[in-house]
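The following blocks contain the structures, represented as structure tokens.
Okay, so chain A shows up in both of these, paired with chain B first and chain C after.
Up next, the complex of A and B:
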């Protein structure tokens, strides 16, 4: 079960992911990101502080946007990953493909830097 | 059945015999009295025989009419009418006969007159009794205890009257008046039971009126005929069977006439409202059709058609359409006496006038939109009623009913069609649930096939070498997983190993797994270094993997000459390695993104070549995340540490023993044999 909240802060869209993302709940994450892209946000931050678990399908969601983000010049930064979740990103090699930061301020800073 | 047929014949025969005796005894009595002789037969014989005749005929009609279940209301009236017709025709034949005789001696003979009179009387009684049986059926159509008792009392009184008649006794004035009043009240009470009239349709009512009218005509004719001949005879003598002294016939006739008149009037006054009853009945039938349409293996389409038909006929709509958004988002139109263009015009008109949430699927309430049509030019319709069709709390369509009259729909109609629409919604929901169940069954069957395919993709035999032994284990949950492992001998001193995990489950996973197997078997033989292998595999997979899907894999080449393992990790779980003599195993955490994650040539930047030497006694454990992510009852994961311990415990043991230990520890931990994921492990023990 996953709960996704969205809020906007200084021109960035912050998507907070609460709970676990598995094959079925990954659809919700996909919808949230697609919505954010559709609304024209150029800086998308993903708050993973409350993300307990992510399955390969969930990772697939992040992965599937990498190219689209590059083409549309959208910056996505993940932050606040729990060790276990970070480990999953690490093993799959997604850590190198995605921008991951410790906390929100760092993530915001990176997003601003990258979007210049 | 044979028994009742025999009874019918027997009673008829009995009636005939009784009547013949009655006729001859009466003529004898009359003749004797005219001649001043003492009659050879007792004077009471005609009376008693009349009673016998009546009783026989009563039972005859009881068997003919009362116990025949196949008769409906108009049939009953028809029977009375038919009996009337036959008796009248017979009577008329005799009349003709008398007329042809003219003024001959026979025609004026009193005995002959009595003969004719008795025939007419018998026919009248016959007619009355057949009417009695029919009336009984009609009165007792909707029985109540009270009604049955009243009828029984009436029959008993009739019987008593019959006995009284045949006994020839006379009561005082007061007694007979009281009796008359009681009988009169009883007749009135019984005549009030007219429930059957409500069940007649318009046509049947007209038929009934006609039949009743003719019945009255027969009665009038008979009474006139019998009365006239009786009058004639009574001028001469009183020594014959005079029907006017027979109370039974009078009581019976008055009952038949009273009920007949009541029925006639009730039917007449019910004529204007009969259409309402018919309509109500039709509504019930339509409702039933909608609810039953699902059980008769009909499809959604027929439910829609029935809904459209029923709604139109229930509210007398001039036209209607039904717009449905199907399960696959396809729009379908069902129309009745309205073209699609017309309905489109109406919808566009309403849209233009900004009447929100009406005929689109967003509307949730039934709406009477007649007033909005008033402003529309060129449309023949002036009333419009729209209903949503709701399935699983979702509006899947709209039913629109049209009338050419303004204000053509009332509240009652709205309510009826609402009920239809609701019922149709339920029927469709049931239908879809059933379909879903079928789909599920089919999906399960597909999964079974996919699982067989997946199992067949895994190798039966693993490569072995004097330098190493390999064992592997794989188990999958009910769903088809995407774990894959394989080995391939490249040449005498090179053996390739692969372990992979396809994201996702089910048939797609099995499909990707088979692709991975193809890639492994074709690329491994080309003696590529592991990084090159991954790059090419990625290149190949980019075209087959859908967005968001990827495959994590680790590829190894064991070189038995150089005693080295060259490998590349593409997002797969790190290899667990235990050096001989060491007590702690280690995870080889190297860089590498899963296959399909980077869909360009850039992938080479995210993958690398690695190399480690091996020695005798070393152990390498390859596994999929199903093992490390296996949970215990508290939701804790098996994890890398427990896996490492399971290996450390059996450091010196054979590959098979190590594998068994890992499986044992895993099952001990997860507490049950219930698999939630795929577990795959491949253990390599080096000897050389």
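Up next, the complex of A and C:
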């Protein structure tokens, strides 16, 4: 089960992902990102502090937006990943394709730098 | 040590599979980061099989066996009688083509192959057995 909360801060949309994302719940993440894009946000931060688990279904959601974000000049930065979750990204080498930072202020800073 | 778990092919049962695998590995004092990786690999295998082999029909049952014969080896067997979904026959797409195709699949197979030490398929008495070996 996953629970997703969105809030806005300094012009960024922050999507907080709480719980576990697997093949049964990845659609929730997809819908939240689609909504953020639909509302025109150019900076999307994904708060992973309470993300306990992610399988390839969830990683695939992030991957599926990379191209669209390049085209629309949208910056997405993930932050607050627990070690076990970060490990899943590392096994696939996703750290090179996605922007990942330690905490919110670093994520915000990177999103601002990339937006220039 | 031998553990068994039977599950209907519904994606809502993946959580139960993860808990079963995690409990067995914790009981056998496997380090936490390895537990997380193995749990992930089993989730990927079972969700693939539920989706591609059984179209998520909850009436279809798959069996999960975990055997720890001693030493460092853990053997995971996923047994079903649907159409065989053999991941060793799929080549993993490279990451850039996954990005370009906006594909949401293909990553799971890559994960399982990186995490597990051995992946074998056999059929016995009309049942498919996928055997994954992990040395911890």
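Note that in this section the second predicted complex is superposed on the first by the 116 of 116 C-alpha atoms of A that agree within 3 Å, B and C clash if a C-alpha of one lies under 4 Å from a C-alpha of the other, contacts with A are read in each partner's own complex, and residues count from 1 in each chain.
Note that a residue touches a chain if its C-beta (ideal position, glycine included) is under 8 Å from a C-beta of that chain, and two chains touch if they have at least 3 such contacts.
As the structure is a prediction and not an experimental result, all values here were calculated from the model.
Superposition of the two structures on chain A shows chain C clashing with chain B. By the touch criterion stated above, A:113 is placed in contact with neither chain B nor chain C.
With both structures placed on the common chain, the touch criterion links A:56 to chain B and to chain C. The larger set of touched chain A residues comes from C, when the choice is between chain B and chain C. In the superposition on chain A, A:71 contacts neither chain B nor chain C.
In the overlay built on the shared chain, the residue A:83 is in contact with chain C alone; chain B does not reach it. By the touch criterion defined above, A:22 lies against chain C but remains apart from chain B after alignment on the C-alpha atoms of chain A. Of the two partner chains placed around the shared chain by superposition, chain B and chain C are both touched by A:92.
The residues of chain A shared by its contacts with chain B and with chain C are 23, 56-57, 59-61, 63-64, 66-67, 84, 91-94, 97. Against chain C, the residues of chain A that register as touching in their complex are 1, 20, 22-24, 26, 53, 55-57, 59-61, 63-64, 66-68, 83-84, 87-88, 91-94, 97. Chain B contributes residues 501, 503-505, 547-550, 552, 570-574, 589, 591-594, 596-599, 606-607, 625, 637 to its touches with chain A in the complex.
Here chain A touches chain B in the complex through residues 23, 30, 56-57, 59-61, 63-64, 66-67, 84, 90-94, 96-97, going by the rule given at the top. Touching chain A in their complex are the following residues of chain C: 11-12, 14-15, 18, 32-33, 36-37, 39-40, 43-44, 47, 50-51, 95, 98-100, 102-108, 110-111, 114-115.
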